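Heads up, the thing below is written out as structure tokens.
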Amino acid sequence: MRIEKKVFDQEKNTSLTAYIQEVGGEYRHVTKRPGILIIPGGAYQYCSDREGEPVAFEYLKAGFQAFILRYTVRTEWPEPLEDYEKAMEIIRDRADEWNLYVDKIAVIGFSAGGHLAACAVTMARNKPAAGILGYAAIDCRDEILKNAPNALEYVDGKTAPCFLFATRTDQLVSCRNTIDFSRALAEHGVCFESHIYSHGPHGLVTGDQSIEDSAIPRPESYHHWVQDSVNFLRDIFGHFEKGGMSAPRVRAHDTGDDEDYLSAHCTIGKLLSSQEGKSAMEDIMPGLRDGYEGWKRKMNEKYHTNLDIGQPIESYVLSTLWNMLGRDSSMLMELQKRLEKIPNDQSL
Amino acid sequence: MRIEKKVFDQEKNTSLTAYIQEVGGEYRHVTKRPGILIIPGGAYQYCSDREGEPVAFEYLKAGFQAFILRYTVRTEWPEPLEDYEKAMEIIRDRADEWNLYVDKIAVIGFSAGGHLAACAVTMARNKPAAGILGYAAIDCRDEILKNAPNALEYVDGKTAPCFLFATRTDQLVSCRNTIDFSRALAEHGVCFESHIYSHGPHGLVTGDQSIEDSAIPRPESYHHWVQDSVNFLRDIFGHFEKGGMSAPRVRAHDTGDDEDYLSAHCTIGKLLSSQEGKSAMEDIMPGLRDGYEGWKRKMNEKYHTNLDIGQPIESYVLSTLWNMLGRDSSMLMELQKRLEKIPNDQSL
Amino acid sequence: MRIEKKVFDQEKNTSLTAYIQEVGGEYRHVTKRPGILIIPGGAYQYCSDREGEPVAFEYLKAGFQAFILRYTVRTEWPEPLEDYEKAMEIIRDRADEWNLYVDKIAVIGFSAGGHLAACAVTMARNKPAAGILGYAAIDCRDEILKNAPNALEYVDGKTAPCFLFATRTDQLVSCRNTIDFSRALAEHGVCFESHIYSHGPHGLVTGDQSIEDSAIPRPESYHHWVQDSVNFLRDIFGHFEKGGMSAPRVRAHDTGDDEDYLSAHCTIGKLLSSQEGKSAMEDIMPGLRDGYEGWKRKMNEKYHTNLDIGQPIESYVLSTLWNMLGRDSSMLMELQKRLEKIPNDQSL
Amino acid sequence: MRIEKKVFDQEKNTSLTAYIQEVGGEYRHVTKRPGILIIPGGAYQYCSDREGEPVAFEYLKAGFQAFILRYTVRTEWPEPLEDYEKAMEIIRDRADEWNLYVDKIAVIGFSAGGHLAACAVTMARNKPAAGILGYAAIDCRDEILKNAPNALEYVDGKTAPCFLFATRTDQLVSCRNTIDFSRALAEHGVCFESHIYSHGPHGLVTGDQSIEDSAIPRPESYHHWVQDSVNFLRDIFGHFEKGGMSAPRVRAHDTGDDEDYLSAHCTIGKLLSSQEGKSAMEDIMPGLRDGYEGWKRKMNEKYHTNLDIGQPIESYVLSTLWNMLGRDSSMLMELQKRLEKIPNDQSL
């Protein structure tokens, strides 16, 4: 491993530190690695050391390249976000040199750093592929940092998938931040996992006794969040296997409605809303030409399905029609090919 | 262990089955046991076997007495709740015979059984000491069971502490049930723990492969909920130790404002709102007689505290004044003695 | 679940208690279950309750049928073993009724019960398919029970695979019992797993606080033996999957040299030692007719292998020749077919 | 963290790399850290990268300072041991600078590195405070490295406490190495913990999928060795707590018979074998003057104890006499004070 530090601003003490592991050689099946950018907390007054390296070790041992961001504090929004953007741009620019999967870079933030991470997953130009939000001050606002936005208000169908955890009795940052953000992700069909532990003070980091005294009460299960978050990232990113990374086990978004091009992962409603999408579907399912409602009724009656305008056509076809029609997947592949050429007009 | 089955109604196939472990003898330090009443799911159409005994084994091995309720299905509300009440009454009546801590009986329910458990913790005459809600259909209503209430609407400061878990991609019962119930518990200062796993279908029970095929995708961490829920109950109920059970590590409610009598666990606001509570406080903290706001300002200035009307007086005294005043706990005990004779007028 | 108790002798208080779970119905993929016979300890003076039901719950929850044996105490060898034999005969006789895989019945014994279990895996008429030996008094002899054998002396290539655990500072039964038994199993190519924890007194059972006070010092990892033993049994027996049990992941014995019939799992040395085995091999590998040593040299040179008379022919063929020869497995299957008709003359 | 590399010999590619974490500051209760020196394997032909940094991360995250040794390969014994000695001397010399507890430095070695670690714990001038031996080639000899000793032959009462693990089906290094070393440690009263997993090939390191492909079969429990070894070190070294490290929970050696000075932790037999020790004991327990055997008989009768010449006098006094005599610990402390001035003549 080598440690490289890129100082952004000497005076402001802002920097990006990279912890870069080897690939290849004896790591036979590892040619690149996923990455994680760690954003410590500190109430936008300082960057906490305890939420830096001890966190990096956890993901390094899971095979990730790790990065720690020291961002501007005692400032105004959006300066910290701009530090994040700069960090992410450096990481992506140097992805080859640092043996990184450029599309598998997560961000993890704690407390105020959790606010910054929540802004990264919702509104950044350089959105991460996943976010981990630890006792995150998502609604952090003017009292803490001038002009800081409430990240909750920016959740939409393009928000990156998130793993969230908090303790219920956190007196500094209410666990409602975590609850409300989870709810918003659920509303928008964004993949997430959420753990709220019954008790424990703010700032437990990983719960390891080398960071936090064993005398501080918290549930025995608190430290589970670390391995659980690694599992979450592996489900989203895939895992090391011979010849690269395995396919993800979970999709980042429930539908393809917010992607740049249409796909069989779009909902029926979405596809019907554009002329080209509608035509593509009608060619495959000619009955649709007589109107969606009638077709739906007929299909539901004939096949005892429960067709719903909010379902991705893919899941509908895969789980229902495809079964009925003798499992000929060529229809779906044909549809997919046509759809992925059609730009997604997101105003529809 | 002995298994006893009490049939409620032969025709309706309703019953309470008790799994009663030994105490004493070689179990030197076990004179009584906590209990758990298991409420299987089944969409109020049947009672699922898979959500019965496999769940009982988990809590039996943790030292609990276990009970399985088979309640009336294909009926109207509140018949299932009445079955629950009957079960709880039997359990409490026979607590001595069954070597039970009568104040340490939890309930666990899955899916529709989770709806019934959610009603138990909020509105039952025989409220359990804690509830575990597994992928619970908390908003279950008319479509499923005629007249069934949305348990969410009944959450208040007297709701029993709850452990909740669900999978995000549950297509039968939305994880929003779990999120919204958690939020309501947070609002009302009720202790809870909540785990929402990133993916997995409805009805995974404990996730053990003897119940659910390993081919069904779910996160590796899913089965953690079982041990986590045991830890939760131990934090609320205490744990076996020489001579009985240890003191709980977590309170069921953040304040004593909803208890039958006042206590030092009530908030300052609550105590000030009743004449008797106010007098008791003024006798201990004479400065209060000149008005709360002025007193608060003085205290905060003098002791650099952050006194708040929503804090339990106990935590305030313990964490702040008590420290300042040289740790003489007699003051607090004196206050507690006076307060616990004053009935809590909950209309205030 | 139902509990059935078969009393062997009222006066001696000996019995077999069966804990029988349901199969089929909602347990869609469970048509039969593996079983485990639990033998409590008690220095052959009594049968410990603590090493009975709390252990049963652990394996019940893993999907097993569980049985507890109360055997004769304050007696002479082989009376306890005869109780074991009787129990095993009943279990096998009633395998259909009790929905048991008759070839997947393990035994678990603690302390003196571990001695009895060690005798079961080595010398019983009704050998179990696997054994778990907990702080087992394997060398238990006359002082404890008249005429009791030292099970260590009976380990051979037919001994059942074993999972062993102990604490190093056990003052009643030395952990050397566990070490020496492990070594003997290694010598004879019998599958085993062994865990010796750094400290802890005799008799911790599962380590759960409902059995043993948390004040008793032991390593945090002590309780891992329970899940580890379940994993061990699953590797040996296979695990529940659609349509039955999956194939075992580990063989009970490193070679087939002690089976009743020859097989491709026998070592080259074993096969060469019988005329019929030799012929079968020569037909498949004609070069062998000119003598083993020359053939071996040629093969090793040609294929850069490391052919060894102690290797199962199967592993040799699979890992080496088969690769070389273009992966045509028909040769191996043909050989297997011929071999499995040849009785194994174990005097060779 | 900073990484410092000290090259021993450029040509031989030997070096010590130090991974040094911060102390103090936000790590309020961490003023120094324990350390671990990692010795990779590689059949004394090379130093394996996979057994270096991925291992360091595990102990860094547990709060340790970590060191990786690259030792001379393709050489003769004792050159690798001399590299070890040099590394340990550097580490101890720079203990202050590197914020190390100089008496809490462990060593971990894998495969051939496990041989070197086994030599370190038995015969090195600079013995570590504990050793972790992973699938260690303890009997490694001439074939692998000229003149290499079999570490097994050097185990004695001064050997450092060891944590050992291996897989049973390791085809390169037999698990008997681990079994036999465990047995020798048990013989000599040296603290150890040992885990032999039922199957798995040589060289699995931590079992993490970023190091070893998930396709390689091994028990689910294999990776437990990592956390178990951390727990072992914490039991021996103590754990971080306010103001330093807590007291160890386990002694490195069962008795003080091999220490440089006598102590109340010596066995009765040891103390009686030296004139000064005998006098010290007789002054405290005057009855001893009439001869050990008679005194023992009297004590055993009077106090129903089971006095044994092999027990440390401390444990005897603490568990028995001390109880009887009303728990006056002054007697023991007085004895301890006298004993610790008496050099231990180890020829006795």
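By written order: A, B, C and D. Residues from 1 in each chain.
As a working rule, a contact is a pair of C-beta atoms (placed from the backbone, for glycine too) under 8 Å apart; a residue touches a chain by one contact, two chains touch by 3 or more.
All of these numbers come straight from a predicted model, not from anything done at the bench.
Participant: Could you name all chains that are in contact with chain C and with chain D at the same time?
Facilitator: The shared contacts of chain C and chain D amount to nothing, since no chain touches both.
Participant: Copies chain A, chain B: same or different interface, half of numbers shared as the threshold?
Facilitator: Comparing the two copies, chain A and chain B contact each other through largely the same residue numbers, since over half are shared.
Participant: Mind checking the centre-to-centre distance between chain A and chain D? Centres are C-alpha means, answer in whole Å.
Facilitator: Spacing between the chain centres: roughly 44 Å.
Participant: Could you grab the centroid distance between chain B and chain D? Build each centroid from C-alpha atoms only and quote it in angstrom.
Facilitator: Here the centre of chain D sits 46 Å away from the centre of chain B.
Participant: Between chain A and chain B, what distance separates the C-alpha centroids? Give it in angstrom.
Facilitator: Centres of chain A and chain B (C-alpha means) sit 33 Å apart.
Participant: Would you identify the shape of the chain contact graph, picking one of line, ring, star, complete or other?
Facilitator: The chain contacts form a single closed ring, each chain touching exactly two others.
Participant: Which chains touch, pair by pair?
Facilitator: Chains touch in the following pairs: A-B, A-D, B-C, C-D.
Participant: Which positions of chain C touch chain B when the two form their complex?
Facilitator: Residues 1-3, 21-22, 25-30, 33, 48-50, 53-54, 57-58, 60-63, 206, 208-211, 213-215, 239-242 of chain C touch chain B in their complex.
Participant: Flag every residue of chain A that touches chain B in the complex, lowest number first.
Facilitator: Interface residues on the chain A side: 161, 163, 168-169, 174-176, 179-180, 182-183, 186, 191-199, 217, 219-221, 224, 227-228, 231-232, 235, 249-250, 254.
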